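Could you have a look at this structure, given as structure tokens, before my questions?
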Amino acid sequence: MARIGVFICWCGENISRHVDVEKLAEQCAHLPGVRCCLTYKYMCSEPGQNLIREKIREERLNGMVVASCSPHMHLKTFRKAAEAEGLNPYLVEMANIREHCSWVHHDVKAATAKAADLIRMAVAKVRRNHALSPIRVPLTKRALVIGGGVAGIQAALDIADAGHEVVLVEREPSIGGKMAGLSETFPTLDCSQCILTPRMVEVGQHPNIRLYTYSDVEAVEGYVGNFSVTIRKRARYVDISKCTGCGACWNACPNKKTPSEFDFGMGKRSAIYVPFPQAVPARPVIDANACTMLTKGKCGLCAKKCAAGAINFKDQDELITEKVGAIVVATGYKLWDIGKEQENAKLAGYGEYGYGTYKDVINSLQFERLVSASGPTGGELRRPSDGAVPKTVVFISCVGSRDNAKGMSYCSKICCMYNAKHTMLYKHKVHDGQAHVFYMDIRAGGKNYDEFVRRAIEQDGAQYHRGRVSKITEENGKLIVRGVDTLAGEPVTIEADLVVLATAMRPADGVETLAQKLNVGYDEYGFLSESHPKLRPVETNAAGVFVCGACQGPKDIPESVAQASAAAGKVQVMFSREEITREPEIASIDERMCAACFTCVRACPYNAIERAEIRDRAGRLIKRTARVNPGLCMGCGTCVAVCPSKSAELEGFTEQQVYAMVESLG
Amino acid sequence: MTHKQPHPDPDMTTFEPKIVAYVCNWCTYLGADLAGTNRLEYPPNVRIIRLPCTGRIDFNLIVKAFETGADAVLVSGCHPGDCHYTSGNYHARRRWTLFRELLDTLGIEMDRIHFTWISAAEGRKWQQVITEITEKTRQMGPYLAYKRICRVS
Amino acid sequence: MNIGYYPGCALHGSSNDYEQSVRACLGALGVNLCELDDWICCGATAAHSLNHKLAVALPARSLAIAERDGYDDLLAPCPMCSAQLIKARTALARDRALREEIAATVELPLEGRTEVLNLIQIFQRIGLERLKSRATRSLNEFKPACYYGCLLVRPPQALRFDDCEHPTSMETLLSELGAAPVEWNFKTECCGAGLTMCNERTVLDLSHKIISNAAAHGANCIVVACPMCHVNLDMKQADIERHYGIRHAMKVYYLSDLVGMALGLHENELGVNRHFVSTP
Amino acid sequence: MSNESTNTPKHDAIEQMARELARDCYQCGKCSAGCPVGERMDVVPNRLIRLIQLGHMAKAAAAGAIWECVSCQTCTARCPQNVDCAAIMDALREFSVLRGTASPEQNRTVIFQRAFLDNIRRYGRLNEVELIGRFKTKAFLNDLSIPMLFKDALLGPQMIRRGKFHLRGEKVRDRDVVTRIFEKCNQ
């Protein structure tokens, strides 16, 4: 027997001005299943709530409808009140007679009639509601951080410092990311290595951090609070538990001709190598493609030199499973290689700039290496072609950014700043040199940022030309840069010794595959999508997965670090509870009825439905069925709509409930 | 034309269309809330049924609405790409193309079914859409023909 | 091998030396050029500039003829023609309404099936291996500057031929035949093309820059695949020399001239004797 | 100077087309930077486009620059916003001729193009001798420039010697269809 209470709110005059609440109460008292119906001036106020609780008790209500404002406003309030009185909160419904009625319809008769309909629908629904209890899922208080750039490092350290274990997976042989290769950093021009290296060492030594370098995330299973992650530790051929980092091996290695990834091909490294001296872990790795022992079975010098016996040519990839409760993605970015070969047909490359054709046309990360004290030239700026000190350098902004025709339509956000930085670093190294910058707009929003750019122009004499460059050619060892100064309204031709392209920042390779494993959305360029750009900037739509750093969009170091700490904060909020509770309004499947067509499996946006088998005690297969994983289901209801056999059901919005609502209008 | 049939109400001008709106909880419902907060008046003919996502909308629900006497149905959710549930609304759209044909062969008047996207910020759009649909439906007259379809099929 | 052939006005007019060269060269390769029956002018830049519908309709008429007569490929050695034909074909292939409208206009059914090839593409179609096997003479005395000009590569969105900034297809072809093409910077800079009649000073200036750059990079000749480029660089060279008081004496060959010579044809068979620079 | 209100519908159509073409330009200047005749232009291409965006069509069409343009399409090919800058140049020239602001010398490009099309309309193919003849007379009548009339005359004999001139040009068989195509396209 339904014993439903209907509580109609006046909201002062907000509702009562256009809805005849008393008349409404009279009408609603006679609805089927309604036990009592009353009105009050402010239902959400304390006396209002007390009134409700009193009625629940007196009338032994087993359902109630509050006709007042939007459920987004006060559904929680009234559910709490009901719960306090022992009435299951999911037996409470609301009829929105304020936002959807009294505020938008001013004809009292019509508004009252509509309000009556709205209440009738709510009553029809609540009669078919079920008592539900929040789903509790256990929680593993360990976090996985993917990517060990400055963002990943910051997030890992914050979480580890809060006392939780962290698994950090980095695919390169060392953590550090792009920042480890930068020279000096805007806006303060402090040395990148000096500020990053101590943080890297901290990661390496932190008792709460388990570091996997040269490793990839292979598979992710499970759901928020309970992920099971498979990590592929690629064969390193060096047992880092034995290795002391003495360096005897790489000094001995005869194969020293491989272009160094860390120096973007401008320096060379041996087949066994550490990417850079401050690497963490400071342990070498053998490049299986370059080592002649591994390719042809000839050499083995390093093993002979290694006193620790750390070299193992038989090393194999290893798969490791780690259980974690939360995941932070910090896979960072790459600079777009605008050369001839492009990964997708839509991207045409920039033949006009001759990148890849002319040796002295380089990108900005290469420039960072050329002015870095630890770089291939030892910090002396020498151009790649002939080692000469360039006396005229042209920096070109927005290469591939803000280009709808053949690049990315977005602004890469950081290049205006590092262009200014580069002109300064250049001037500090080559006093009689002249730096030119071609730009469209200078984007230097940030604390002390515009001042920094002005300094490059006013103190260090950088010549800024407003306009794009059209073509670069090479003539007698000079690069002929044909640009324009649109402020003067004239073409400008500069004979340069070195050209530096600020190419577009793009997400790291492979991020889409990773995102698919994690169920995280990404935009057309592959940048990961946050839940809400303003209010949930580090959360994703996959519960328990967070993002930070340049994998979410172009960012400089301060922003990457801030976001990393924010993500770490969110993880800690999650870990501050013992278990996770989730709304019980999720889907379930009637396994007896399910026709095992698996339409729902394909339709579910969260991959929350799995294929299952029902077996008898003897283990014989009785039937196949779809089954919802309550940890993953977000309650969107798509499965209900697509199921041809009507076996899927969504609590809170069951077929019965929704049909009853529609029918009540008839 | 079917809706020229005599209507039980002798005075056609008092015909008040009944419109059922299936809306998603995260965008359009909030858009309608916003219309309220901003006191944007519109005709009182619409009855909202709140669902988690347009992905939940089974097209039998549309048929059901007509069966219970609706003169028009509106389905409205988040803008593409904005779906609270990543892609629920894509499923709704894909299914819609299939159902369209089905409903069409059933003889349902397709211009009584409306699809739109209204975000949480588009209170004014909600007002406009409802006003337009009400007006249009008023001109089309009550959906008496549906009753006949039911009898035939 | 039979192939549809669209000569275009220039090759039947003052650039008939180009036609002679193309016919001789391809003939030696066993390619039979079947001239399109009653083809009409592609409209060139004039139509493009003045009347957009005409710019599609004129080439479309010839495309429709090619389709009617069953040619899958249509060679248009003049890049102005090939560009107009390709642009029309792309526009037609994309838009059914336009296709119907234009079919009505040109009074022939039209699907936009026939593929249009420029001179370089026909050699690519024949294949480097086959060319090499037929060659009887090495081109090793030639150090050509391969000049593409504007119309072979621009606009790249429509033509999709080679790298529009650093094209290399002619170089690849000629170096296979023994020539040593030079790297230079004016491959795709404009020579002034159709402006010869109207703005001669500009044409002289641009062509002068092109010839000078080729010479500076060690070229002993320029190779073109366009009648207009040939006019500006060859026929006008004397004017250029007079105007700038400099002696270039830079021979300008059609691509088919050099390929033809590699195949053992005599210069005169290819019409090289009718060029301006080679026969002072 | 003619004034804006004397615009004919044709003017307006060209202006509208130009504005439509120019709409997406964000003034990066890449067109001007790569233009082979940029140095000779009084108003560089991106500025012409800006003038159009601001509605100063007549001012843009009065620039000498539009007559320097050699229609090489470099600007169009490299524009990051996919603006068909070369087509804008065409439109400006046409506009200028229509308004009569082009000098006789400048008029020539358009006169040439019109003579060209007229030639095709009549024969279906280009008749070079006739084209040059007509063009020269028109241009001569237009600017009475004697040197223009005889300039290429020097080349004439050389060309004939090389067999490059056909004194009788070609015609297509089905000239009626050509005429009809022109008519349909001019509607």
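The chains carry the letters A, B, C and D, assigned in the order they are written, with residues numbered from 1 in each.
Going forward, contacts are C-beta pairs under 8 Å (C-beta built on N, C-alpha and C of every residue); 3 or more make two chains touch, one makes a residue touch a chain.
Just so it is clear, the structure is predicted and the values come from calculations on it, not from any experiment.
Participant: Would you mind telling me which chain pair, A-B or A-D, is linked by more contacting C-beta pairs?
Facilitator: More contacting C-beta pairs are found at A-B.
Participant: Quick one: subunit B and subunit D, Cα centre-to-centre, how many Å?
Facilitator: Taking the average C-alpha coordinate of subunit B and of subunit D, the gap between them is 55 Å.
Participant: List the centre-to-centre spacing of subunit B and subunit C in whole Å, with centres computed as mean CA coordinates.
Facilitator: From the centre of subunit B to the centre of subunit C is 61 Å.
Participant: Take the average of all CA coordinates in subunit A, do the same for subunit B, and state the distance between these two points in whole angstrom.
Facilitator: 36
Participant: Would you mind pulling out the distance in Å between where the CA atoms of subunit A average out and where those of subunit D do?
Facilitator: One centre to the other, that is 53 Å.
Participant: Please set out, as single numbers or ranges, the residues of subunit D touching at least two other chains.
Facilitator: Touching at least two other chains: 74, 82.
Participant: Find every residue in subunit A that makes contact with two or more other chains and list them.
Facilitator: Residues 352, 471 of subunit A each touch two or more of the other chains.
Participant: Considering subunit C alone, which of its residues make contact with at least two other chains?
Facilitator: Touching at least two other chains: 156, 164.
Participant: What chain-chain pairs meet the touch criterion?
Facilitator: Chain-chain contacts present: A-B, A-C, A-D, C-D.
Participant: Which bits of subunit B are touching subunit A when the two form their complex?
Facilitator: Counting only subunit B, the residues touching subunit A are 18, 20, 29-30, 32-33, 35-37, 39-44, 47-53, 55-59, 61, 64-65, 67-70, 83-88, 91-92, 95, 127.
Participant: What part of subunit A is in contact with subunit C in the complex they form?
Facilitator: Contacts found on subunit A: 340, 348, 350-352, 354, 357, 471, 473-475, 480.
Participant: Can you list the subunit C residues touching subunit A in their complex?
Facilitator: 156, 163-166, 185, 216
Participant: Quick one: in the complex, what on subunit C touches subunit D?
Facilitator: Listed in rising order, the residues are 9-10, 12-17, 38-41, 43-51, 53-54, 57-58, 61, 104-107, 150, 153-157, 164, 188-190, 192-195, 197-200, 202-203, 206, 235, 274-276.
Participant: Taking the complex as given, what residues does subunit D use to touch subunit A?
Facilitator: Interface residues on subunit D, with respect to subunit A: 24, 26-35, 38-39, 43-44, 46-47, 74, 78-82.
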